[in-house]
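There are two complexes below, and they share chain A, which is joined by chain B in the first and by chain C in the second.
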Partner chain A sequence: MLYNPLEQFTVNKIISLYTVYYSMSLTNSSLYFIIAAIISFFIFKYSANIPYVSLINKNNYSILTESLYKTILKMVKEQIGDKYTIYMPLIFSLFIIILVSNLVGLIPYGFSPTALFALPLGLSVTIIISVTVIGFVKYHLKYFSVLLPSGTPLGLVPLLLVVELLSYIARAFSLGIRLAANITSGHILLNIISGFLFKTSGIALLFVIIPFTLFIALTGLELIVAILQAYVWSILTCIYIKDSLILH
Partner chain B sequence: MAFRQLLGGSKALVSTHSLALNATKTFAPKVTAQALSRSFSTSNQVSKSSEEKATSIIASLPGDSMVTKTGYIAAATGLTALLISKEIYVFNEETVILAAFASLVTLLYTKVREPMKQWGNEYRETLRDTMNSARQQHLELVDSKISSLSQLSNINAVNSDLFALSKEIVKMEAEIFEKQQEIAFINEVKAVLDSHVRYERSVRESEQKQVAEKIVTNIRGLLKNPKFQQDLVQECLADLKAKRQ
Partner chain C sequence: MAGGGFYTIAGRKVATHQLAIGGLVGYGLLIKALMPKQKDLKADPPIKASSDDEFKFIEKFIKEAEAEDAKAHH
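So, the complex of A and B:
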């Protein structure tokens, strides 16, 4: 039987729970997402509640979490502008939950919920719908001007409308697919190479040392990708929010 | 059963280790003599560093004595063998990922720990400096406020003086006003009296003028009277005669 590297993404039911219309079973994906949510919560809960942390005598852990918060705050401020405070909790929560979900998958025997397309796509579609609602609430029917760049010749209007509408809808999918594809490809790559290494180690352990070093580097690369993708997700969400707040 | 085997294995290892220790003790003087004879060669340094390395590896193992350390190693090896043989732990490609992940984490921990600690210290230092400078500035501000307020320590005396002065000024102003009113009244009275004087003078002048005119008219009337003219001439002649005599 041939080994399939996509087997690692199989969703298994841990606790089966069916309602009339929906299956609300606890799967490995949902379990790891819950774990990621709990970790995300306790990362900052612990950082804020360390008893010996004062304003000056912070420990390295709280400095790290604070700098993480500052980085996201700066990014949100630069992207959204004046009304950044309203959207900061949303963007920061998204960043942390996606980051931890990505990192949970990197731990051996772990599972990354963001590697499945359902979760990132669901999140991205929700974000785009919410952003559209924000735009319509703010500008009413004027929000349709987002589909037409200023100074478009009249002849090109129908064509550009279609193109811009497609690009607007494509945002919802590209945001989710980008994250899921990156995480999935990384996991597949690691899985395939680890399989090769495992097979080769049986033949000659000596020949495995250099590939194993490269494999460690690849694991490091995946770590960077996991952080980068969470950041990219946050920055793109900021850009979409800004587009709905400020019409061009 | 497996546990007994494990214990048996560890006992065997401990006995082997004690033998090795005895052997070391027996050959120790020889090794020392050899080491002394090579005290000026570089190979001694190499052997010393490798010995240090070995000691550090042994020291990094859990346990206080060599027996417990050996026991831990034996137990760990036995446990691993048991887990693999019973297929509780399956040795597959995930193990490679585990090893790579553990290596990466160890690498990051060793390489990033010091810069991270340094960065944390720098950040804390910056924070402390900022807070200290803010505290210093606040202190200076409070000091300047205190010094500025200390200048007003005799404010009560100054205030009472100022109050007395203002009272005096008000009193003087009232007096000035009174005097001004008096002067105004006097001026008015003087003006009225002056006007009365001027009127009286004009009335007197007009009366004198009328009297003089009346006299002149009367005299002219008398002069026109022949009898008076004759009497006057007689009188004048009498006067002239009297002067001639």
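So, the complex of A and C:
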């Protein structure tokens, strides 16, 4: 763990379970994702089900969840429009589960499921396929006009068609890779700094204070990255949904 | 709202999505035309011959041997 910063991302089987075609084993990644889901569920359950919570007298949990809800609702309304708040539960669920998954990895000995490429990529590819289906259901063959922005000169059509098609496909991957790469790089950096801190702790006090301060600052930065990446994911999902609902 | 742009090509109105579909089909056909045609791949080992005559001789010999073999089996 101390020498290889990538060792922290090793997926270990906790409970082995094999079917004829698939391995359905419980791994540390899936366990922490389940933990993240349970935490997300109980935060909202606790904030909503406290008897003394009223509209006027709120507790900290309800203020937190309500603030998060209002922030995401505002974003959805701004991006997709008032007409399509039907997508709010999807965006909000994605935001919360990604946020908690990111934060779970920041706890010492924790594991962030979003640091592995499989989960974010799986989610992002699913989202892009879903928004494409939404577009085709709503506009049928007219949805192909998503590949040609309005006002494109006729001469540029062959070139732009290829560029837009590639960028459309690339969105499926960039969404997932962005999240996984940000979380992975942060964890690697923290691991390297903590390893350096451990090695220099016996030399002199000065060699401890500087890396330790840096370590604290980086942990704070990672906290911001965890929140920011969940927000970026949500806002990009909103944009992709908007693109399939409102053709340019 | 519904992506209702039009292009005028040779005096005819073409909808944006029709142009996009046409473009994609065109690219597909172009790629298909440019792809090298797959030859009938044989599982036989290659014939190593130093000249064309030798190659033809070996090829003829193999054909005859295969024909004889086929006759013997039937």
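By definition in this document, the second predicted complex is superposed on the first by the 243 of 248 C-alpha atoms of A that agree within 3 Å, B and C clash if a C-alpha of one lies under 4 Å from a C-alpha of the other, contacts with A are read in each partner's own complex, and residues count from 1 in each chain.
Here, contacts are C-beta pairs under 8 Å (C-beta built on N, C-alpha and C of every residue); 3 or more make two chains touch, one makes a residue touch a chain.
On a predicted model such as this, the values are computed, not experimentally measured, just so you know.
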Exercise. Which partner does A:215 reach: the first (chain B), the second (chain C), both, or neither?
Worked result: first
Exercise. Is A:246 touching the first partner chain B, the second partner chain C, both, or neither of them?
Worked result: second
Problem set entry | Touching partner for A:146 - first (chain B), second (chain C), both, neither | second
For this session: Mind telling me which of the two, chain B or chain C, contacts the most residues of chain A?
Result: B
For this session: Using the touch definition from the top, say if A:177 reaches chain B (first), chain C (second), both or neither.
Result: neither
Exercise. Between chain B (first) and chain C (second), which does A:225 come into contact with in this model arrangement: first, second, both, or neither?
Worked result: neither
Exercise. Now for A:60: first (chain B), second (chain C), both, or neither, which partner does it touch?
Worked result: first
For this session: Look at A:197 in the shared chain and tell me whether it touches chain B only, chain C only, both, or neither; answer first, second, both or neither.
Result: first
Exercise. Taking the two structures together, which residues of chain A meet both chain B and chain C?
Worked result: none
Exercise. Can you list the residues on chain C that touch chain A in the complex?
Worked result: 1-3, 5, 7, 9, 15-17, 19-21, 23-24, 27
Exercise. Can you name the residues of chain A that touch chain C in the complex?
Worked result: 139, 141-148, 150-151, 154, 157-158, 161-162, 165, 246-248
Exercise. Which of the residues in chain B come into contact with chain A in the complex?
Worked result: 92-101, 103-104, 107-108, 116-117, 119-120, 123-124, 127-128, 131
For this session: Using the touch rule from the top, collect the residues of chain A that touch chain B in their complex.
Result: 55-60, 63-64, 67, 106-109, 190-191, 194-195, 197-198, 201, 212, 215-216, 218-220, 223
